[in-house]
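Below are two complexes that have chain A in common, paired first with chain B and then with chain C.
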Partner chain A sequence: MSTATIYQVEVPQPKQHGKPGGIMRHLNFFTGLAGGVILAAVFGYLMNIQFASGAQTADFASASAGPTFWAIMVGWVVGFLGGMGAFVGPIRWMLGRDLTHDDAEFMAGKGQGKFRYWRFTTDHKVVGIQYLIMAMIILGFGGLLAMLIRTELGVTWAEVFNPDFYNSLVGTHGIAMIIAMIVVVSGPVGNFVVPIMCGARDMAFPRLNALSIWLLVCAVPPLIISLLVGGVRDGWSVYQPLNAQAGPGMIGYQTTIIVFAVSTAIASVNIMTTILTMRAKGMTWSRTPILIYGIFAAAAMGLYAFPFYQYSQILSMTDRLINTSFFNPVEGGSVWLYENLFWLLGHPEVYVILIPSTAVILELIPVFMRKPLFSYYIAIAGIVGVVGLSGLVWAHHMYMTGWAPQAGYPFMLSTELISIPVGFLVLVIIGTMWRGTFWSRLPMMAVFAVVFNKMIGGVTGIYLSDVPADQYFHGNMFVTAHFHYMLMGVALFGAMGGVAYYFPKWTGRYLDERTASIGFWLAFAGFQLTFGSMFVAGLQGQPRRVLQFDNMFNLSNWLSTIGAYTIGIAMLIFLAAIITSWRSGAPAPGNPWHAQTLDWQTPTPVPLDNFPVLPVVKGLPYDYGVPDPLAPEKVEAELQKAGTP
Partner chain B sequence: MADTVTPSEPPEAPTNRPPAMHRLHEWLSRKYVRHVLIITVVIGFLLLPLCWLLLAAMNQSGAPASGIMEDIEQTVFVFTLVAIPITAFVFAVLVYSLIGWKGRSGEEPPNNDNPAIRNNTVAVVTWTVVSSVLVAFFVVWGMLELANITANSYGTQPINGQIKADDVLIVNVTGQQWVWTFEYPQYDKYSSDILYLEKDRPVLFNVTSKDVVHNFWAVELGVKIDANPGAVTQTGVTPNKEGIFNVRCAELCGLHHAYMETQIRVFGEETFDSWMRENGGGKTS
Partner chain C sequence: MSSPVLSPTTGEPVSTVFRRNRLGLIFLIVADFSGTMALIISYCYLWSLNVNNGWAPNTPSLDGNLDVKGRAPLPWAADWPFWAIFLLTVIATVVLWSGIRGLRKGHHAQMLTAAIGALLITIGTLALQWWQMATFPFGLENGAYASAVFLLTGSTFANLLISAFLLTGVVGRTRAGLISTDNPWQAKLVGYWMIWICGAILLGALCTTFLKESSNPTPENFGGFSLVNPDKPTPTPTPSPSASPSPSAS
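Right after this comes the complex of A and B.
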C-alpha cells in the first residue's frame, strides 16, 4: 500500500496584455493587401537591382524578368500573410505569450459583426463562409474565361484573340476552375457543416483553419496577375518543356500551386483530425453521416496527392530560375518525369472534387426522400474503394505518351475497376429513390441532374480508360467533354444542390427556390447542349486546345458556344437568387428540412460555440420512413398465410 | 437427451421459405417493377442508335483506313452497346421517380410514409455481380484489342497475317513548332512535310520532337503517339486504303498548335515506287 498525496495545482493562466486580441485588433484583409503589395514592390525592386545594374526596364521580356517576378511573388505571399496576422500566433508563442481566453474569443470574431469576415478569424463558421465566397469568386473568374474561350471557338471565321492569349485563357480557365471546384464543397461544407455535424465546438486547429483560407486568398492573385505577364499558355497541365518556354507568368502559376498545396495540406490535416477525434459521444463509425466520410476521403486524397503537384512545380521553378534540369531533355531531364508527377496529383484530384459533391448528394437525398439511405455500408464501401484506387490510375493519362507502353494493361485494369465503387454510389442513390415519394425541392432536383450527368460522364470514361479507344480520343475534345461532365455536371451541379440545401443554415434565410430553379435548369439545359456538342466535335476528331479548326467542326462548336452562353446567363440567375435571398430572403428556422443530423439541431444563426452542451448521439443518422410493408420477411409471412408454396 | 442432433448432421433447411423463382415472380408482378423495366427497354431502344451515330461522327472526316482504326471503331461500338442497358436502367429509375412515384412540393416535408428500405442483399449482390462482369468484359476486351493493336502496330505483322518484316517502310517523324517532317531513311533520306505511305505495306514510325511535346495523330489510321524531345517513340500501322487523310497535333505545343496539321497520302504500290523514284531518289535499303 502506498499513499499518494494529491496536490491541487493552480493552472497558470496566461496574462492578458492590453486589450484582447492585441495586435490582431489592427490587422485585417486590407492591411494584408497593403503588406503584400508593399513587400512585393520592395522585393521586386531589390531583385531588379541585384540582377540588372541599371540597364533593365520593367519590360518582362528581359533576362531579369523571371527572378524579379519571382521576388514579387514571394513578397506578395509573405507580405499578405504578415499583414493578415498569420505570423502573430507563432511569434507570440515564441515570446511565451500564449492566448488568453479573451484573446481566443477575439480571434474567433466575437462581437465584431460582419467585419469578422475580413479578418484572420478562427471560427469555423466564418471560415466556411469565406471559403464559399472565395469559391464563388474563382468560379466567376473561371466562368468568364470560359465565355471568352467559347467566343473564340464560336467565331469560326476569324481569330478573336491572338493565339498566345487564347492559350493563356485555356490554361488559366483550367487551373482556376480546378482550384474552385476543389474548395467549393470541401471548403464551405467541410468547414462550416462538418464540425457541427460531428457535434464539435470548432475545428481541431482553429488558427490553422484561418490560415488555410487566407492562403487560398493569397494564392489566387498571382494567377490573375500572370495573365498580364505572359499567362499560363500551356493548358492547366503545363507540360514541360513548353512550360519552360512561357513568359514569367508561369511563375505566377507555380506560386499559386505551391501556396495552394500548402493551404490544402493544412485544411486536410485539420478536417481529418476534427473528424477522427472530435465526433460526439455515441457517434460511432456506423452512426457517422455519410457526408463526413466523403469529406474525410477528399481530405485524405488531397493530403496524399497535392505534394506531387507541389514538387513538380517547385522543380519547374528551379529549372526556370536557377537552371536545374529536372525536366529539360537537352540537359538530361525527362518530360515523362514531369508527366508522372503531374498526373500522380491529377487523377486523385478528380476524386477530391467528385467525392465531396457526391457525398453531399448522398447526405441530402434521405432528407428529401424521407427514407433512410439505401445500403449505408455500400456507400462507405464505394467511397473507400474510390479512395483506394484513386492513387493507382494516374498513368491512364499517359497511354499515348510512349512512356512504358506495357503499362497500358495494369492501368486499364485499375481504371476500369474504379467504376465498381462509383457504381456503388449510383446504386445507393437509385436505391434510396426506389419506391419513395420525394419532396420536390431544389436540392432534390440536383440529385436527378447529378445522376443523369454521372451516367454520361461515367460511360464516356469507360472509352477513355480503354487504351485502343483512347488512341482515338486522347487529346481530343471528347476528353474535354467527358471531364466537364464529371467536374461540372456532377461536382458543380452537386455543389449547387449543396448550396441550396445548406443555404438556410449558412445564412438564416430561405433560398429563393423559384429563381434559383430557373437558373439551375437553364444551366442544366445549356450544359447538355455545350458538352453534348463537344462530344460530337471530339468524335469527329477535333483536338483539344485549338483555336481554329476544319469547317466540319463548325456546327458542333456553334452549338457548344450557344450552350455556354446559356450556362453563363443561367449562372448569373442562380447567383442573383443567392445574393437577393442572402440579403432579404424569408427567415428560415433552425431545421427547415426536418433533417436528423446534428448540423440541423442547432439554432440558426449558429451560436459561436455551436452547442451549449455537447450532444450525445443515440441513433442512426437517417431514421426516416415507416417499416417497409413489402419487406421480404413480411411478404413471406403473407405468402405463408395465403398458403402459396 | 435422446434426440440430440449430432454435430456432423447438417441443419435442416428452412421449409417455410418460398422458392427463389416464386419470389422473383412475385417481385416482377409488382406494378412499379414492370413499369421500370418497360421504361428501361424503351430508353434502351432510344439509345441504341447511338452505337451507329458515334461511328458516323467518327467517320465524318474519313472512313477507317487501317485495321487499327477498324478495331478502335469496333471497340467504341461494342462499349456503347454494352453500356446502354445499365444506363437505360438508371435513367428509367430517374424517370419513374419523377412520373411514377412522383414528388410532392410544399413548405413542409411530406409525411414519413415512405418505406424504410435500409438494405436489400439481393439488389446489392446483383448490382455488384453485374457491374463486376461488365468491368471484366471491358478489361478483357481492352486487353485483347490492345495486344492485337500492338502486334499490328510495329509493322512486323500486317493485317492479313503474313509477316513481311523485311518489307517494312520506315518513316522518321519529327515534330517541331509547328510543322511535321517525315524522313524516309530507306529512300535516300528523302524528307517531306506530307506523309506518303503505301497501301498494304506496314510502316514503322520513329517519332521524336525537336522542342516541346507534340502528339502525332494520324486520324483515319488510328495512330497516336507523343513526339517527345530527347526520346524516340515507336508505333506503326498498315494502311489498307488509298486516299488522302489527316495528321493533327493532339498535344498543346504553343502558339500555332491549331495549325500543326498536314496530310497523309496513301498510294498503291506502283504509284508509290514511281513517286519516290521521281521525287525522293532511289531505294537505298
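Right after this comes the complex of A and C.
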C-alpha cells in the first residue's frame, strides 16, 4: 500500500484511480452552467409535452406554464450541481473510492492558480473569496433594482414602470438584498477568517463548504429569471393567498429559497462544527475572539430557523403544483399558518444579519483603539441573549394581521426585551471607545457609522414593537426606513468596515483608503438622506409598496431618490477602490494592523494549510496596551529574580 | 497496542474525524428536526383550527363555496401502515447497530450481514411507504388532513431514500474492508442517522393516529372567498330537485 507524508507522518493511502482529482479535473463552473442549461431545457420540454393539453387558466395563460417552469428550475439546480461535480463525493463514498491526500490537495485547488475560483474547490480561503464576490454580485443586482424603485418613486409627475413590474422590482429587490445581507459577512468572514482565527487548517467539512457556495450560486438565477415570467409581485414575504395567486415567477422565488436554505444549513453546520471542534489548544471560551461568537450565533440561528422558511415555500409550492391545501381556507388551510412559518425564520433572520456585522465591529474596535474590548463577557451575554430571545419575537410582524390579537402584548414584551442584549453590544462598543484615542483608519470609521445607524434603527424599532403605535406605523414608509437602518445601516456598513479591515489578508494588498473613504462617507450621507426622508414620509402616512401617492409626499420622495442615487454612486466608488487595489495596490505585510488574533499571525498570502504547526494560544485576544507576560525582557527579569543564570 | 488508523486526507486519527463528523451530523439532524417540526406544526395547527370545517378528508369544493355539507366525506388513512413503517425502521436500526456491536468484537461478517439486512429492510420499508401513499383513500386535493398526511409521508419517503443510499454505502464499504474493527466510525454515523429517522417517523405516526377528528368540531366561519354579506339576512336556500331529503325530513 502506498503512503503519503502528511505533516511528517507517513499515512497509508487508498488506491489512486487515475490522476489526482479524477473526474473533478474536468468539471468547473462552465460545465455546471452547461449542465444546468441543458437539463433545464430537457426537463422543461418533457414537462411541456406532459401538459400539452392546450388548457388555459382563468386569465387565459397556459395551464402548463407553472409545472413547466418548475421543471426548468429543477433541471437547472440538478444539472448545475451535477456539472460542478457536487455529486461526485457522495458517489465515490458509496462506491468506496476514498480520496487520497493527492486528491484532497487537488480538490483544495493546489497549483491551479486563479482557475481554482471557478471550481468546486474545498480550500476555505477560496470559498471565502467566492462568497465575497457572490455577495457583491447579489448586492449589485439588488441595488440596481433599488435604483429602479427609487426612480419610479422619485419621478412623481409620471409613471415610469407599469404597476406589475414595479411590484416585481420591490419583491425581487427585497429577497435579493436579504440573501446578500445574510451572506455578506458570514460568507467571506465566516469562511476565510474564522478557521484561521480558530487556529485550524481548514473547515471541518471542506467539501460541504464548497457545496454551500455553489448552492448559493445556483440559487440566484431562478430569482433573476423569475422577473421574465411575471416576477415576485408580493413583497419579499409573499404572503398567502397572494403567493398562491401569483404567476409562475413565484416558482423562481420558491426555488431560490429552498436551495438557499439548504446552502445556509450546510454552511451553518460547517461553521459551528469548526468552531466547536477545531479551535487551537489553549483557546478556551474566555480566550475566543468575539467575532467567532458572533459568527457562531448567526450560524446557530440560521440552522434552527431557516427550515421553517424553507418549508413555508415547499408547502406553497405543493399548494400551487399538486393541489394540496395548506394555505387554502376553502379546503381547510390557513393563511396564518404561512405567516407563522415565514416569520419563525423571518425574525431570527434579522439577527442572522445583524450579529455578524456587529461582531466584526466589536472585533476591529480594540485593534484601532489599542485597548482591550470593554466588558468582553457582557458582549458574549449580549450575543447569547439575542440568540435566546430571537425565536420568541416573530409575531410582532403579525400584530395587524388579525392572528391571535391577545398574543400581541406578550410578543411586544419579548420584542422590547431583546433590545436589552442588543443594547449591551452597543454599550460595549461605546465603552471600548470611551476616553480612547483612536487610530483614524477606514475600518474605525465603520464603527462610528454602524453605531449611529444602529441607534436610529434600534430606537425606531421600539416604536414598532409597541402594539398601539404599530397600528399607525404598520405598512407605511416608517417601517421601511426602520428596517433599512437596521439591516443595511448595520450590515452593509459593518461589512464595508470588515472588507477594509480584512482586505490586506484576503488580497495581500492595502486597500486604497482614500478612494474607499470617499465612497464610504458618500454612501453614509446618501443613506441618511434616503432613509431619513423615508421616516418623514412614513410619519406623514405614506404607505409602502405603492406606485402613486399624494403630492404631499413628493419632497421626501425626491430627497430619498437623490439619496439612493448618491448611495449608488458611492458604492461604485467603493467598488472601484476594491478592484484597483486588488489589481495594483501596495503590497501589505502579514499583520499590517499589528492585531493579536491568530488570523493575523499567518503570512500573506495565507499558505494552503494555514499553519505549518498548529498554534497554541496563551493569552487573551484583546490584550492591547497590557504588558506582555511573555515579553523577553520580562522573562529575563523573572529568571534573574529567581536566581537562574 | 496497535497504532491508530489515520485519515488519508488530513493525517489525523480517524477517531478525531469521527467526533467531528458526529457533531456535524447532530447539527444536520437539528436542521432536519426543524423541518420536521415545520410539518408537525402545520399538521397540528390545521387540525386544531379545522378552518371552515375543512380538516377532515372531503371531496373538494369546485366553486369556492365554504359549505361542506354538499361534499362527500372520505375515510381517514388507516393507522397500521404508519406504525408498520415505524416498526420496520426500528428493526433496521437495531439490526445495523447489532452489526456495529459485532464489529467491535471483531466479527466482520456479522457487520456485513447486518448492513445487508438493514438495507433490505429499508428497501422494503420504502416500498411499503410508496404503497401507502399510492393507496390512501383520498387524494392530495381532499382537504387539509390529506395534504398534511401526504407531506408527512413524503418526508418519511425522502428520509428512507437517504437511509437506503447510506446503507448501500455501508454495505459496499464493509465488503471492501473500509469499515472495520479499527475503523467502524462511518457505520456508527449511519446508525445515528437511523435513530433520528425512527424519531421523525414516530412523530408522524403519533400525529396521524391520535390527531384525527379535529378538537374544534364547530369552527367559526373563517371567511376566505365567500361573497356572503354578513350584514344582510341570508336568503333561505331553495332545495334543488335533485337533492336527497335529509334524514329528519324523511
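In this section, the second predicted complex is superposed on the first by the 605 of 645 C-alpha atoms of A that agree within 3 Å, B and C clash if a C-alpha of one lies under 4 Å from a C-alpha of the other, contacts with A are read in each partner's own complex, and residues count from 1 in each chain.
Simple rule for what comes next: a contact is a pair of C-beta atoms (placed from the backbone, for glycine too) under 8 Å apart; a residue touches a chain by one contact, two chains touch by 3 or more.
Just so it is clear, the structure is predicted and the values come from calculations on it, not from any experiment.
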Between chain B and chain C, more extensive residue contact with chain A: B
First, second, both or neither for A:N476, with chain B first and chain C second: first
Touched partner set for A:L575, first chain B, second chain C, both or neither: neither
Contacts of A:P329 with chain B and chain C, given as first, second, both or neither: both
Chain B versus chain C as contact partner of A:M272, first or second or both or neither: second
Partner chain(s) touched by A:V160 [first = chain B, second = chain C, both, neither]: neither
Overlap of chain C and chain B interfaces on chain A (superposed complexes): 329-330, 333-334
List of chain B residues in touch with chain A within their complex: 16-19, 22-23, 26, 30, 32, 54, 57-58, 60-61, 68-69, 71-72, 75-76, 79, 83, 87, 90-91, 93-94, 97-98, 101-106, 108-120, 123-124, 127-128, 131-132, 134-135, 138-139, 141-143, 145-146, 149-150, 207, 211-213, 215, 217, 219, 222-226, 228-231, 233-234, 246, 248-259
Chain B-touching residues of chain A, taken from the complex the two chains share: 163-164, 167, 170, 233-235, 239-242, 245, 329-330, 333-336, 367-372, 374-378, 400-402, 405, 408-409, 412-413, 416-417, 419-420, 423-424, 426-427, 430-431, 433-441, 444, 448, 451-452, 455-456, 459, 462-463, 465-469, 471-472, 474-476, 536, 539-541, 543-550, 552, 593-594, 624-632, 635-636, 639-640, 644-645
Partner chain C, residues of chain A touching it in the complex: 4, 6-7, 9, 11-14, 90, 93-96, 98-101, 103-104, 201, 204-205, 208, 265, 268-270, 272-273, 276-278, 303-308, 310-312, 314-315, 318-319, 322-326, 329-334, 337, 340-341, 344
Interface residues, chain C side, partner chain A - complex: 6-11, 19-21, 23-24, 27-28, 30-32, 34-35, 37-39, 41-42, 45-46, 49-56, 58, 60-61, 64-66, 139-148, 150-151, 165, 168-169, 172-173, 175-176, 178, 222-225
